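Only one structure is covered here, and it is reproduced in the block below.
For clarity, chains are labelled A, B, C, D, E, F, G and H in written order, and residue numbers in each chain start from 1.
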């Protein structure tokens, strides 16, 4: 009955097109959703701190300056999100994704994890705090459509079959 | 003196037209109220989880998937409501309505219960935390008109007499 | 530098024109202020509960129904106010004004008290938690102009002299 | 590694011996647990308010006085519990148990539900917010032993088989 | 089942023996209650600020220094209380008692008001936020005995009759 | 992906043009930023309290009245900021800037300090809680551009070289 | 000057003896520290849920039951810790350790990470929210000795050299 | 009436004997007070980070490591204090003292400032948030005696005269 917009933060892996698939799915469904995310250009996210605040001889502090600059973006956006999607890809450790999930859990913001089955056991605590575990970005879009409008999915069976 | 909109969440029973009566009453009175609610189509609310995230052999987990998906909608809307109306109908147990009332009490959001007198004793703790106990949806509308505009009711006596 | 609107709740005495004087002062100064207040028609504020939810034989419960209905308005508006003005008039006890001041203090919302000097000693704890003590509504308007725009008062000396 | 005591609140049904079974199980296992609960003598819990603060002609207010007196006990104990057990018995509506579960969920305190399978569907939202669903009080004791000491259950299989 | 101690803050009127009656009642009943209170010697409570931090020419600041020193005691004790008793006597305005009630309401701490019927209407908002309204200190003791031990009152009828 | 506006509070030194440099930098970059600040006219910030609420014989209370009036502006704006910039200039003690930084740290709002290297050691605790330490206002602008849009700096090297 | 005990939660890797080294270091130094941790027997932590609440055909729900049971222990202990140590070992993904770090960050509890340099880049966001990054458990003990007693390390240089 | 102990954190200047004077005053008066403080040995507080976690080539990061290690001590102790005393000495900038005051203000913990009159104007915002401004440590002891026991000062006049 309401026309509220939903604010969804997309945390985690930056090497595949999952954010684009959610974004185009949301657009296609006409959902009133604002998507936010960390900076997803890998080198910028690494080097932003030194580029702005000056070079560091030591890689450890080079990273620190970047991480704390990124945190001003990410924690602000996470704190105001209604919902997080937390993506774990196939290769990388993505500890920051798990960090964001823990952050969300502590402040009572629900999150959906998005990862292949191969990570199920390693992610059991992170999944245990989630409100849903998705395998495909299209499932996230379908969940948003249901959460926001109560719309039940139509063509999703095919998507699931195609996994 | 203010033009703020009021956000009212309608929790509980989904088998009678009480939400529609509040909605049409609010519209008729021209109140600046946004009404929100859980998904009220019973089967969708039961099956949404498996429809989106995949079937479950066990009914317990079928229900769990649905409940946790629904919770992303309901808890977000409850957290941002100014006020809840919590409806207990004549037949069903509606434990989730009582759950929502407890949730609202804990975060300091006021609520009005709406139920027939037959439940008064069984609901005494839930009513004890409420700011009002209504018998008819029209009383809720009258309460909103007073809360928002300070308008005193006019034709309500008849409504009450008709109970 | 900002264009934010300020939300100011006017708590307390309902027998003089202090709210109107603040409202016209705010309007004259063109301040971006939304004023909110309890229902200020005394009988309505007393009888609203029974008028909507049914008569009570016992005056105690008649009052209770009204008080809890009023609280849904007042506590919602107080919680979202940036600032409270808490007025104690010359005659009545206005315990509810002191209650609102304590409520504001507990949630970290600043308040200005507004009362004649004769109450200074009796109100010392309430004033002790206030950010300012005003004698005239025009001082509240001048304070808002300063808080919002940094404007220093011009004709206030006369107002103070006229007390 | 720690010697902390755990505070567990036992909410809900008062017509069977489930609290005693948890208490004797906890004692037998030597667990450092303080169990708290509402007043479980049904008539006292109904009549306490009027017995202390004076009789009421109207049953509705008779109940209200009792409920609000009970709430001073229950909400204080719930707020300081580490963990709740929320029991739904076979017959009664126990809306107050669901209310307590919602209260716990909102303040981030974990809870275990305890109920027969027949209620699984009706309780799916309440179970969806729980960290575990138990069928027998002995499972609650086993869970406490694991949570506190990391002890794995030994003779539980028999208990489960005996259900 | 627990041996917890209960922390009860006694706010308000300092001109009658109500605190002593609660204290002796609690002692007689052997209740595990720690009673706290503001400084109840009127002159000390007025003059403490200037006695310690230096004299003030202006009575307003003399009062302010005392009020803010007292607040370090009272707000610390109120914040850690499980329960408040808020007493309004027959003569004085006791705005600070109403302030404490509002403070308690805002932080979710339950309170019992204690006052003669003559104040019922003027205190309706303060009573509306209370979990009980008592007329005699002995009723407060009986309420504590029930809240803590589940003990129902025995000789209270006489007390009530004697009012 | 979002169009949110960012709210940035500029705390501290009022004797140089650093706020203007941030403001013009933000405007030049077209960033969706609302800048807020304390009243920066030194005499007004000192005298506002007595100008509005009446003169004080004692300079201590003259200052107190001003400080508490200013606090209604500053703490409201700080509480709603996404981010603070806290500036320490070369000469003054600016304890209020450090106070604002501590306030921000306690409520979990990130801040950037802005000060010359000469203060590095004295400010090590304040810097230790910051997400970045800037030397020039242009670095703050570059940080905002990165935080909001992910834009990497272009001409900043020159700015840094020019220090 | 105080005799408080410090509560330290040891999160993360369960395949090396780092917890024992901290524990023996703390004991040797006579520090008033209570160490807490998750259940560190790998199989028990995996199987506890089904062992107590009944077997699951599906590994996904087997894991879920265990994870949610473990969470009742871990989140309770994390919430009451003064400080966390979060350990990332050489081999495993330890997403739950990162989750705990995010949880701690969100509730304002400081944490020390403990990991080899090889993870520095991948952990930069997690380290960015930490108050210290340690390489050896003995450094954690030395940090605790300093935090609690202000004791500066003596023989640590050798430890560091021996890495 | 209670035997609670009071927890008082002593923040700020480390170059004079004010902490010792408070400590001996508290001991002489037999007050149930636990005093806490930062590490007050200047060099240790500067060098603790690098001594434990390894040397830094850059003084900025040397300081950062120390500051963040110190913060684990100070913020834990501040968060659990009932009351802070914040001391500004005659010479140094003590921005960290002002930071602690702001931190306390934000979490609602009262504080007393302790400084000579020469700083009154520069500290007006910090004093504006304080519950008292003391000139001598003995006044702090007298305030604690009053806050805790309601004891009025006896020989303080001489102390004040001797300033």
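In this section, a contact is a pair of C-beta atoms (placed from the backbone, for glycine too) under 8 Å apart; a residue touches a chain by one contact, two chains touch by 3 or more.
Predicted model, so just to flag it, every value in this text is computed and none were measured.
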*Touching chain A and also chain D, the following chains*: B, G
_Pick the pair from C-D, A-G or G-H whose contact list overlaps the A-B contact list by over half._
G-H
_Of C-D and G-H, whichever chain pair has more C-beta contact pairs_ = G-H
_Centre-of-Cα separation between chain H and chain F, whole angstrom_ = 25
*In angstrom, rounded to a whole number, how far apart do the mean CA points of chain D and chain E lie?*
31
*asked:* Averaging over Cα atoms per chain, report the distance between chain F and chain G in Å.
replied: 37
*asked:* Can you pull out the residues of chain G that are in contact with at least two other chains?
replied: 68, 71, 108, 133
*In the complex, go through chain E and note every residue touching chain C.*
59-60, 63-64, 66-68, 70-71, 74, 88, 92-107, 120-129, 133
_Touching residues on chain E, where the partner in the complex is chain D_ = 1-4, 6, 82-83, 108, 110, 112, 131-135, 139, 142-143, 146-148, 150, 152-153, 156, 160
*asked:* Touching residues of chain D toward chain E in the complex: what are they?
replied: 7, 23, 34-37, 39-41, 44, 47-49, 51-54, 65, 68-69, 71-73, 75-77, 79-80
*Report the residues of chain E in contact with chain F in the complex, numbered from low to high.*
56-58, 61
